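Mind having a look at this structure? Questions to follow.
Letters A, B, C and D mark the chains in the order given here, with residues in each chain numbered from 1 onward.
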């Protein structure tokens, strides 16, 4: 297969294959995309194809207006949500969507995940937002497009930034995560699932568990992401 | 082994072997069957044989009156339930029965599984029904035959159709699922177990979690199963 | 290694190795024994040896008075409990002891596991008994010997038989199971762990979940163990 | 690579690699160190390196004043906590830090883990202490150094000894464990995670579950660690 999008498709393929490897999906319950900003296109999983059968050649190339540019298969049914986020958020390179168990449970419970500890603060300094379900009017319209709008409205209402908070729960639905590339988006899906499980257990053990104190939130985030960060090798 | 039922036995064998691979059974706690409508027979797992020892040659062929047509082993003790459902429901091709943990827990709790999210709505538009336990009179009679009747009564009482709702919980017992073939029946067993776990966690996080709103139920089901479905590759 | 107990040691070794394979133990948290009634001895795991290092040659042969008959290693610290049960219960051939998670949780909660469903009734017709913790006096004495007495007292108080109920929880401690041979004892350890998890989840979903009705208890047990049993290949 | 610290680095590397093998970490969420008392240095995981990529050559050698003695990579961001504990506690040889799920949940709930059973008593005779979160003043200062102080204050306040209690939870953060060497420290991380899960389930089944009685605490600990211990092969 000769294609100028080979490396983009491969990046997308490898990130998608991480989902079952990390126990984040069964069957076809997820999709990951990777964007090429200079070409104005993104690569995304084809719809309804089991991970066991997926090959890099099956990945579909779509432009930001949702036109299929290359590929014989229909792209993920969530494609318009991906396109919307890429259009609105210029600094992201990849998006991941799963139906991972604990993340979905919080989304179905329609609750933000409270920041209870430093595992959470190592990644973001706020509760993980849960967007309220869409209005009936929007559901009846361009649903997957409006799902992107639903995420943006949530971030706007809460006054948080997509560059600082790389994950969201959609009420009644499940998680979307993103990052500088597709691999980071999938990493965030796994981190979210771990945080969702830890927070669930924390509330079972102590329903009055306090949120992490501000000084610790700041300290942990700064040591990993601040100007004088000293976590990691850079 | 020369048999005209080889492909039917193989379909049944492969579907049965998916149960341990998907973590839906331990030991011998499950059975799957596949029907051949034109021959008027179905293939089913032999009773009490561990999955590690099972070979396709061990699968038993039974007719819809529960007579063994081919096979040296005794068929599953649940055979009459399978026969009853194949007789009453002409559009199903396979049936799966497990004692998967979360599905059994809801069955033992004797509660329908509420439709809390889109993972559920992608597969069915109603709560997953839990049939009330059988009366003592029926238990004392032709038990496994009456188990089939118990399922039909439940669907009739709730006004739901076996073609739209491909799964049921038997109160105090466990799940039965079905589909166009044995593989789809097993797929539904796994989906049910995931939905059962997600719903359990949802209620732990928010005991007042609302059911999914009607507009979203309709939207998700339609995009996967409706006339203008756009999920999957055809 | 020349020994007349080779096959007994191998049976014991293989049953012990099932414990980690079935996710019932970590490190050295368990032990299985197998008895040879004609020789008046039993084979048991050596104390504190990790499963990864265990060889069949390490298994220790002990008589019913707790004397080591063959073997260079010290037998399990629970050996006297095994010896006591073999002495008192002439129809058992193997004993298994684990610290499996859900079984231990019920033991620590000091509650019998209610019979909530047919998975349970397929194996026994009563709640799974939890023996109350030992008195301080007995603990200070011959502790592991008295652990055997603790089990017998529990069965006597509840009016149940070791031949019908092949498992017990020791309050604050954990499960012991037994059976016609060591493999069956381990099978019962796994079944108990599954029942413990299902019952835990059942109560979380419905704290008022009813016990299984008597007619169903009887029906399921009879079809597997009764005079006219029709489960399995007999 | 020629280094006089090869065996120390290898001990540290192997102990670190046990963390993902025992399901105690995902990604880079943990670190283990091993000390060489005669050389006055310890070996520790480099910061932010995924376990899949880690080689023994990457392990960093640090002295007790936190100076890097050998290694091209930055040591774990928790290095000062390790150094502090090695300096204060002369009889420990290894330290392990994870973000294991159930351990973190108790730390986030800010509760000591009650001693509910003999699995716990086989390892320590007290509740597992949870240190209260640090004051804002200390957080703003030399954070990782003060984390060591936080642990010592907790042990001092509770009147317990690091030689008898080889594990602690840091409120809002997670577990630290230690032992005579790095392998034992990791063993204690796994034991703590198991005890955390068992205690969580115990409270779910019986919120009024009693602590283990003193006579049993003493008996189980003595048989494994007392003067006349008869557990294991020593």
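Operating definition for what follows: a contact is a pair of C-beta atoms (placed from the backbone, for glycine too) under 8 Å apart; a residue touches a chain by one contact, two chains touch by 3 or more.
This is a predicted model, so every value here is computed, not measured.
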- Message: Give me the set of chains touching chain C intersected with the set touching chain D.
- Response: none
- Max Cα-centre separation from chain C goes to chain A
- Task: Pick same or different for copies chain B and chain C, depending on whether their interface residues overlap by over half.
- Result: different
- If you average the Cα atoms of chain B and of chain D to get two centres, how far apart are those centres in Å? 46
- Using CA atom averages as chain centres, what separation in Å is found between chain A and chain B? 33
- Query: What parts of chain A, by residue number, touch at least two of the other chains?
  - Reply: 204
- When you check every pair of chains, which ones turn out to touch? A-B, A-D, B-C, C-D
- Note on the structure: Residue positions on chain B within touch of chain C in the complex are 26-27, 29, 46-49, 73-74, 77, 99, 101-102, 104-111, 133-134, 136, 139-140, 143, 172-174, 200, 203-204
- Note on the structure: Interface with chain C, chain D side, in the complex: residues 116-119, 187, 190-191, 194, 197-199, 201-202, 204-206, 209-210, 212-213, 215-216, 219, 223-224, 230-233
